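By letter and in written order, the chains are A, B and C; residue numbering begins at 1 in each of them.
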Amino acid sequence: MKRTVPFFITLLSGLFCLIAFFVPHPWIHESYGAVQTWAIVVVGCTYVLGVANLLRVNVQQAQRREGDWIYKIVLIVGLLTTMAVGFSEGNHYSDVTSHFNWIYRTFYSPMTSTMFALLAFFIASAAFRAFRIRSPEALLLAIAAFILMLGRVPLGNAISHYIPDAADWLMEIPQNAAKRGILIGAALGVMATGIRVILGLEKAYGGGGEGGA
Amino acid sequence: MLGVERGKAGVHFPAAVSVVFFLCSLLSALPVAAFPLKASDTPNDGGGNITLEWTAPVPVAKEWTLVRRERGGTFAPVTTIEGTVHSYRDGAVQTGVVYEYQLVAQPTNPQLDSEISGATQALASKFDWTKLNVLVVSGIFFLLLFFYIRQAQSGVRWTFRKIPGLDAIEEAIGRATEMGRGVLYVPGVQEIDDIQTIASMILLTKVARMTAKYETNLLVPTNSPGVYTVAEEVVKSAYADVGRADAYRGDQVRYITSEQFAYVAAVNGMMLRERPAANFLLGAFFAESLLLAETGHSVGAIQIAGTANVHQMPFFVVACDYTLIGEEYYAASALLSNDARLLGSLKASDTVKIFLIVVIVAGSLLLTFGQTWLAGFFSTQ
Amino acid sequence: MRDFLTWLRAMDRRWIFLAVGLLVIAPLVFGFHIAPVVPSHRAKGFYDAIERLPEGSTVLVAGDYDPGTRAENYPMHLAAVRHLMRRNIKVIGVELYPAGVPIADDVLRDLGAEFGKKLGVDYVNLGYKVGNELVMSSMGTSIPKTFPVDSRGVPIAQLPLMKGIENFQQIDMIVSISAGYPGTKEWVQQVVSRFHVPMVAGVTAVSAPEYYPYLQAGQLQGLLGGMAGAAEYEVLVGKPALATRGMDAQSLAHVFIAFMIILGNVAFLGQRKPAKG
């Protein structure tokens, strides 16, 4: 029962969505729209579970004084404070003078931007550590990388206008062709995985024990 | 009046010119024939749309006011259209109601107006014919799938190329067990409805069974509550399947946050504190891919990544020990299971790929010689 | 030499981080200029598409990004809205990232003040709606039903700008400023393909190649890729700003990364790498 009911729900809803892709008639499409809306509602409800889990895990770790437990308290205080401020300000939460906006500008925005900015440092260290030219293909890749890195900045154009032209050609022709090949393969993989899930050949995602090793 | 002078054969010139002018003025006073306006149901939709097409003769109006009436009703304006346009789709009609249209010239000049169109109604299509090509390829795929499953059930076995990343999964978990360190499984940053996340949950089952069997600590941080609920169920069931339900802990699967970089910061913190010996980065990733992979490398973990996001693949290839690229990632669960039916689906997708390669080559050749029918059939725009 | 190579192999990567930090900060602090920005044909396409719009047109600006990609997306968002307002084109803002709403509010408010535009008459921010592609296809049916109020909670029926705006048929162009999902690809699939609205896009540098097929097929009329694309557009609009200044730092960073690749190969000369997938 635990496995049969989810299997039938998956099968019926999967087939229904497949049919809805091909049939524009309102008999099908209005129901499809309702299914999509309900999916959003269900996902929204899971946020309650998610926040509850977040609080439970961090409160327990703080109570047990596990490693870095101070940061667990910072997280809990931050979460509850932001929620309280946001709810109390209602529709005016995004006003320039609101407290929620102050939290957003002072904490959230700089911290998010900082994490993204770390990529610049990590790319440099990954380039040093891992980009090994050990074969003719790797050498070709390195040359293409150099052309592209120079072609994408004004310095490349200042050295020679052929560099950005070469960079554009590399991106528009060979890169595009290779990427399309990967995308076609991936799309077929999506089809195969989707059909395996819909037909119940793959049940593992639902916590079932069959449909795989 | 006509003046007739100068002999039997001749006609007085001014009189002839006057006749010509008179005839021209008669002609210009006649109304210009109104041009036809074709109204028809917009095909391949759910109703509520009527398509109008016309070719207005020169001189053309500066603008048209499109007017519409139900049969027996009065015309009312719908919209204003530029004079150079030759078609319009009216999306504000009721399905099944009969309408008539006319284009009224602006500034007002009845001679430039169109005819009243024939009566037409918007209908809901039962099949979108523009997606016939998708149905054909999908149909071929389904038929091949059932064919290969039947073959598999009758004992046929195929050989698939080795994917080093898959062989390394058990090796990585074994390494973590020997070192007494844990395994970190990151299922990507998309919601549970994304096919990459579903594929990740399938692989999580296999990884969780192995870690349960070897008694290795498994941590699964998730960035969506939907993924958290499914991942928790998957891991709990996997532990129960191998008879280690008692070993499952409630904090193994955690919801962190839905914010991308906050999630990355938290996972990086987990890597630096817990120092897992094996990292599995399997799912949909975006800008955080290199942040995760580099941090994982810095703590000495063996890293197996898999994603279908093309723009993140280079980062994983450079920074991880093994990378499953595109369809290798989707094929992973089938290859690991060794289930003949699942392998049949791989065989089907490989066969469809060969079919598509043939179509691409044939279509390119035909286009080179001016034959567009094959490319046109597979066009989706 | 051998000692140097040994030191190089064991080098603490924080030296690399320090070098990157200094190279990026130096041009921004000291203001030196490396090379002029030359607009590409993709940025020109973006610029020309907006130039072709008649005055008084209505454009939907989708600011689908959050502070994470602010460095790349914010300059192009700013330059695009500046261009639109300078041409007296009405702007309707919409965001599919919840954290993008305050950024879009800032852009519209600051530029609205600069050009003397009135909120509700010349521009409005409809705000965020959950649902990703569902929001787009719902707007195709009815924008007022999808967004009954704007980001301030004011009913859009009260806004002069939104009078007569029922769906995409009344929208003259879409400008998509996008960080990933949901974003430009979804706008093309859900809106351009179905409703044939002209569209231009500004995206992060790493995802720009993904949209070249759409540009080649004519579904996008222009494309800005990353901060470089934003800088090219700023030059075309005639107001070099954040992105143009950033290009000098980016030039040095790119050269340094190329140098790191070479140095890394020199450092590990003669070492065997274990086979991997």
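As a convention for this text, a contact is a pair of C-beta atoms (placed from the backbone, for glycine too) under 8 Å apart; a residue touches a chain by one contact, two chains touch by 3 or more.
Please read all numbers here as calculations on a predicted model, not as lab measurements.
Participant: Chains touching chain A and chain C alike, please list them.
Facilitator: B
Participant: More contacting C-beta pairs: B-C or A-B?
Facilitator: Looking at contacts between chains, A-B has the larger number.
Participant: Please compute the C-alpha centroid of chain B, do the same for chain C, then give the distance between them in whole Å.
Facilitator: 22
Participant: Please compute the C-alpha centroid of chain A, do the same for chain B, then give the distance between them in whole Å.
Facilitator: 17
Participant: Which residues does chain B have that touch at least 2 chains other than itself?
Facilitator: In chain B, residues 259-261, 287, 310 touch at least two other chains, as defined above.
Participant: Of all the residues in chain A, which ones touch at least 2 other chains?
Facilitator: Each of 112, 115-116, 123, 125, 127, 129-131, 179 in chain A touches at least two other chains.
Participant: At least two partner chains per residue is the criterion; list those residues in chain C.
Facilitator: Each of 13, 66, 68-69, 99, 209-210 in chain C touches at least two other chains.
Participant: Where on chain B is chain C touching in the complex?
Facilitator: Residue positions touching the partner: 79, 89, 91-92, 163-165, 168, 190, 259-261, 286-287, 298, 310-312, 321-324, 381.
Participant: Applying the document's contact rule, which stretches of chain B touch chain A when the two form their complex?
Facilitator: 44-47, 95, 124-128, 131, 134-135, 138, 141-142, 145, 191-193, 195, 198-199, 201-202, 205-206, 209, 224-226, 228-230, 233-234, 236-237, 241, 250-251, 254-262, 264-265, 269, 273, 287, 290-291, 293-294, 297, 308, 310, 313, 315, 318-319, 325-327, 329-331, 333-334, 336-339, 341-342, 345-346, 348-349, 352-353, 356
Participant: If we count contacts the way the header does, which residues on chain C are in touch with chain A in the complex?
Facilitator: Residues 13, 16-17, 19-21, 24, 34-38, 40, 66-71, 99, 101-102, 105, 109, 127, 130-131, 134, 151-153, 205, 209-210, 212-213, 216, 226, 228, 231, 247-248, 250-251, 253-258, 260-261, 263-265, 267-268, 273.
Participant: Enumerate the contact residues on chain C facing chain B in the complex.
Facilitator: Interface residues on the chain C side: 13, 66, 68-69, 99, 166-167, 169, 180-181, 193, 204, 206-207, 209-210, 217, 219, 275-277.
Participant: Across the complex, what residues on chain A touch chain B?
Facilitator: 21-27, 29, 39, 42-43, 46-51, 53-54, 56-57, 60-61, 67-68, 71, 111-112, 115-116, 118-119, 122-123, 125-127, 129-131, 179, 182-186, 188-197, 201-202, 204-209, 211-213
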